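Each of the next two complexes has subunit A plus one other chain: subunit B in the first, subunit C in the second.
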Partner chain A sequence: MEVVMFLLKAYLLVFIAIVTLYMIRHFVFTFNRLFGEQKLYYQDIMDNEVPFVTVIIPMKNEELVAGQILERLVSSDYPVERLEIIPVNDHSEDATQEIIEKYAAAYRHVKPFHRLDKEDKPGKAHSLNDAMEIAEGEIIVVFDADYQPPDGIIRELAIGFKDPEVGAVMGRVLVENCATNMLTMMLELERSGGYQVDQQARYNLDLIPQYGGTVGAYRKEAVLKMGGFDPQVLAEDTELTYKMYLNGWHVAYANRAECYEEMPENWLDRAKQIRRWARGHNQVMFRYLVPLLTSRYLNFKQKLDGLLLIFIYMMPTLLFFGILSSLILFLVGDVEIVAGLFFLIFVVSLGAFGNFAPFFQIGAANFIDGRTRALRLIPLFAFNFVFYMLYVSLGFWDAVKDVFRKAEPYWEKTKRHQRGANHA
Partner chain B sequence: MHSVDMLIWQYAIGTIVLIILPMIPVIQAVWDKEGYAPLPVNLKYTKDPRAIAKQFDRYFTDAYDIDVLEPGARIESDKLGTLEVLGPVFEKNVYREMVYLPHKSVVPPETKFEREVVARDEVVFGDHCYARVIKTGKKLILGEENCIIRWIDAEGAIYVGKNSHINIASTPSTMHLERGVTFHRLYAYPILTSHTFAFKKSLQHIRDEHLDEAMIDKNLLYISERTHTLSQNSILFRSMVTQGDLKMERGAKVFGNIKVNGDVTLAEDCFVDGNIIAEGSITIGENCFIAGDLFSRESIEIASYSQIGTSEHTKSVVAKKRIRLAEHIAIFNYLLTDEVGEVG
Partner chain C sequence: MQRCKAQSIIPHRSYRRLKINRAYFLTEVAFYVLFAVGAVYLYITYLFNQYVFYFKKILQDVHVDVSTAAVDIAGFPVMLLDSAFAHSQPLTLFFVLVGMIVLFLILKMQRVIPYNIAMWINFFLLMFMVILLYFLFWGDHFPYSFVSYFELYLTALIGMMLFSFIITGLAIALTPAPYWMKLTTFFIMVFYYIGYSLVRYGLAVLLTSQVSIVMAPIMFFTLYFDFIFFVSIYSYFLYRSAVLFKKKDTSWKW
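Up next, the complex of A and B:
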């Protein structure tokens, strides 16, 4: 029994140390964003010698939003002779195909790609891999179907590849339907923390900015050499980030390449989404933890940041066990040290994990964005955090099961609402 | 009541208060939904170095009917205030209202315009003039030690005299900058320091002389040394990334892009058929030719008789900190610094 008590206490102490490390990391990010030197992205370069770009939009039953994104893309200011748009119809059963064909008939640079054969396996990774095979562009830009790319965004993303060391570029995502309800507004606040502070600070400090899978671009040759996207991994974006760095490439973050997206409008959809993200992210962790630590291309601070980034979707599960340990210690009456720590663990954890962006980071990000009134919702993140702890933990267990499972994982697409029509 | 029970009650009440208090602004926010609007993204935004001037043009033509503007007239606008239309004679030293010049004009030295100067025709400013904004429909000539606080834009060529400050300047024609001119952002076709400079280096000639497609290695060359030197007259046919500084000795040529995670220094007569991107500073020696962009997260210094870009393609010189241009250089077509740029 004494051994068990010792192990529980040791676990708690180690866990608190890890959480404190995360909090220091995010404090450094926030401080850097507010007072540090900001790294210039390449958007100020004006150069009319631009690379050939292929825009790929994976679509499965996207009739609500397909027309809207294609309309936005055909009005892009990128030279038409250096651009092709490939909407990938991935076994749609609604009017997506007709909408795509309508645009293909009107614009020569819209080249539809229909994946309708039963032999063509569904899924974003398969869609991207197949589309890359027919893509003529040296740079691939990816948008999800519910996004609203501004006219200049393809140029802003593509210009980053003037740097021969850049393998992928990530733009900034803004929640377009944030005014819908309290949940969407909270998601926008936390997105702001994630991009305006977290991503920009990681870029400033030459750490590991993350490629996010949409509103992003990458070098086709580099990705093909790395074997394309693995359909077994749900977070193909996180996987690409690590693959890039492990092969000597860098990811650039373009904070001013902004694009609207739709976020889930109810808690159930959000739960599914966060569970899927956690599952995919942890799949990447299982696969790339050792290569990350042994990479010859990364320096110590990049390895540390990569480690903390890859580990982040495991933290809620560890926290769950932390709380469980505290409760056991409390119930058996062995609380001399732990009683104080129990309180500390809660305060530190909540501070550090109001969905992976601490409260001060969300505050700073929205202050920079000039949106301070909505910050009144911040106390709600204390409850949001419990919600995330549950679903992220479930996602972690899904990933553990995936290790032993050979079949490709199935995931449910997030429901669309076509709020973008308001802006169009 | 037992003291332990009291303690529990106090804790319970304290907990409830601590939970309820932060929820007051939450309830208010959920109720009034203030600040919920999405952050504005201009879906029509497209990069244009003359965007400020074009925007101003739209405001100006909306506010005033310029077809009927004759010297001596004063016109009011709710948007832009009073517009004073001037003739060939400038009677005052200081003009406090916006000024419109319908005809070719010569502005006397030491004239001060506290607001915008809009001209339909060519304008010549004497020495020591001051203006907030100058927008001309034709050529613009600024004398020595002029100070333009915000920006200048001309449809024709721009000539800027010694020791003037122009902040932002744009033209679809040429821009000539004399010694001592300071700036923040320039766009012209091309930007020339000292108008005695009149030559164009031929990219095609150099390519024909050296370049054979089969010789180009598509793989990146990674160099992990602290300092790497490309020796005199050496030629590299691939793009490169260095983890430290890079030095190119006299006459060295690179057919490819260069990324330097340190400082990069080019001696005289070097040639790069690609972009130079540096985390540190970039120093370009005399008579160099860079056919691509220069981008530095520190500062850029370019020596005389060098050329950046070609007349066929718009290229940029972008630095986070200082840009220092010697006399007799040509830049096609864009130049920007977050701090200050200087000729001389």
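Up next, the complex of A and C:
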């Protein structure tokens, strides 16, 4: 019994130490973003020689949004002779194919790629791998079908590759349907915390900005050399980030390359999405934790940041066990050692687990973005932690099961609402 | 000064940052931290003890049997009220039943109230149900005396207070608002919470000694809810600052 109590106390103390470390990290990020020198992206480079770019849009049953993204891409200001657009129709059963064909007939640089054979396995990783084989561009830009790329974004993303050390570029994601309901408003606040402060600060401090899988670009040759995308991993974006850094490349963050996306409009859709993210992220953790710590390309602070980043989607599970430990220790009368600190366990719950941003980071990010009334919603994040704790923990458990499972993971895509039509 | 085209392009929110004098910022942070430490020191060494004597007198006036006991919290001698926990199995059973009914109602209402809030309420209800069941079956094994429980309660409260004052002070220091607004917000937080925590302590004493012992863990674990108060005040302050700051392009630095 004494051993169990000792282990519970030790666990609680270690957890509180980790939480404190995250708090300090995010305070440093917020301070850096607000007051530090901002590392500018490469958008000010004036060069007529732009790289040949292939835009890949993986699509499965995207009839609600396929037209709007293709319309935006074909009217892009990027030189047509240096651009090809590959919408990948991944076993769609709705009108996606017809929409794609309509654009292909009208625009020569739209080159549809239909994956309809039963032998072609479905999934984003397979779609990207297959599309890369036919892509002519040296740079691959990826958009999910529900995104609405504005004018100039392809150039902004592609220009970063003028730096030979840059292997991938990430743009900024904004929420299109933020005014729909309370959930989307909160996701907008959370996203802002993640990009405006977190990503930019990591870029400023030469840490590990994350490639997010959409509104991003990468060097085709580099990814092919690294073996392409692994269909076993659901978070192909996080995996690419770590692969890039472990192979000596850098990820650049383009904060001005803003692009709108649709976010889930109800909690159950959000639950599926966050569970999938947690599963994929933890798959990456199991695979890249040791290589990260032993990498010869990364310095100490990059390793530390990479470690904290890779552990983010484990925190809710650890939090659950922290609460359980504190309850047990309280009821057996053995909680004195952590009494003055135990509330930190609950305070950490105020962090939004999508990006683990504490309240002051979300506040600062949205302040910079010029939001006003939405700032009053920040305390509501306190009510999200049980939701995130459950679904992120389920995602973690899925990832644990994936370690022992050989079959490719199945996942449900996020439901679309075509709010983009209003935006356009 | 008339703006040229380049200037109107540069001020994009992507690379906005705040004009700040680092020395001012550090001075401000130091002020908040020192004030927070000073306030907590004053609370634990003077205010709390005064309140305990005052509250004891009130309770004795209404014939509630209480005395005081001296304990040591974080190296400071503190007086705590001493009484006996109210043990009542029927009342515990009543709380269990009420908790179950509320849980059931919330499960029924999940379509009406937001899913995240329903889950949050359910989680804490379940946690409290575990505590209630503990008291129903193992109530005699509750490992705390009245004084040792409140020693623990006060230790947690002091930790919470110090942390909240410092973290919200840092958050306020990060915000570009007029100093009068920052100081007002910080002082409101500090003084309100000091007053509130004294009242909360009195309430915890009354509930655990006059109503039921099951209130002890509930009052302990709901201490965390107080942090939501700090974040609420901070977010309102940030909102007011953002309104004042809006369209003030000259206040930004690129």
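As a convention for this text, the second predicted complex is superposed on the first by the 412 of 424 C-alpha atoms of A that agree within 3 Å, B and C clash if a C-alpha of one lies under 4 Å from a C-alpha of the other, contacts with A are read in each partner's own complex, and residues count from 1 in each chain.
FYI, a contact is a pair of C-beta atoms (placed from the backbone, for glycine too) under 8 Å apart; a residue touches a chain by one contact, two chains touch by 3 or more.
Remember, predicted model here, so these are calculated numbers, not experimental data.
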| item | value |
| --- | --- |
| Combined model on subunit A where subunit B meets subunit C, clash or fit | clash |
| Which of subunit B and subunit C A:G248 touches, first, second, both or neither | first |
| Contacts of A:C259 with subunit B and subunit C, given as first, second, both or neither | first |
| Touching partner for A:L331 - first (subunit B), second (subunit C), both, neither | second |
| First, second, both or neither for A:E133, with subunit B first and subunit C second | neither |
| First (subunit B), second (subunit C), both or neither touched by A:E71 | neither |
| Which superposed partner A:M182 touches (first subunit B, second subunit C, both, neither) | both |
| Which superposed partner A:E98 touches (first subunit B, second subunit C, both, neither) | neither |
| Superposition-derived comparison: subunit B or subunit C, residues of subunit A touched | C |
| Contacts of A:R371 with subunit B and subunit C, given as first, second, both or neither | both |
| Partner chain in contact with A:P164 - subunit B first, subunit C second, else both or neither | first |
| Clash with subunit C (superposed arrangement) - responsible stretch of subunit B out of 4-12, 40-48 or 238-246 | 4-12 |
| Subunit C-contacting residues of subunit A that also contact subunit B | 40, 182, 258, 369, 371-373, 375-377, 379 |
| Residue ranges of subunit C touching subunit A (in the complex, touch as defined) | 12-18, 20, 22, 25, 74, 114-117, 119-120, 122-123, 127, 130-131, 134, 142-144, 152, 155-156, 158-160, 163, 167, 170-171, 174-175, 217, 220-221, 223-224, 227-228, 231-232, 234-236, 238-239, 241-243, 245-246, 254 |
| Subunit A - residues contacting subunit C, complex | 23, 27, 30-31, 33-36, 38, 40, 172, 182-183, 196, 200, 255-256, 258, 266-268, 323, 327, 330-336, 339-344, 346-347, 350, 359-360, 363-364, 366-373, 375-379, 381-387, 390 |
| Partner subunit B, residues of subunit A touching it in the complex | 39-40, 42-49, 72, 77, 148, 150-152, 155-156, 162-165, 174-179, 182, 185, 188, 192, 248, 258-260, 369, 371-377, 379-380, 423 |
| Interfacial residue positions of subunit B with respect to subunit A in the complex | 22-23, 25-26, 28-30, 33-39, 41-47, 49, 187, 220, 222, 239-241, 256-259, 261, 275, 277, 292-293, 295, 297, 313-316, 318, 320, 333-334, 336, 338 |
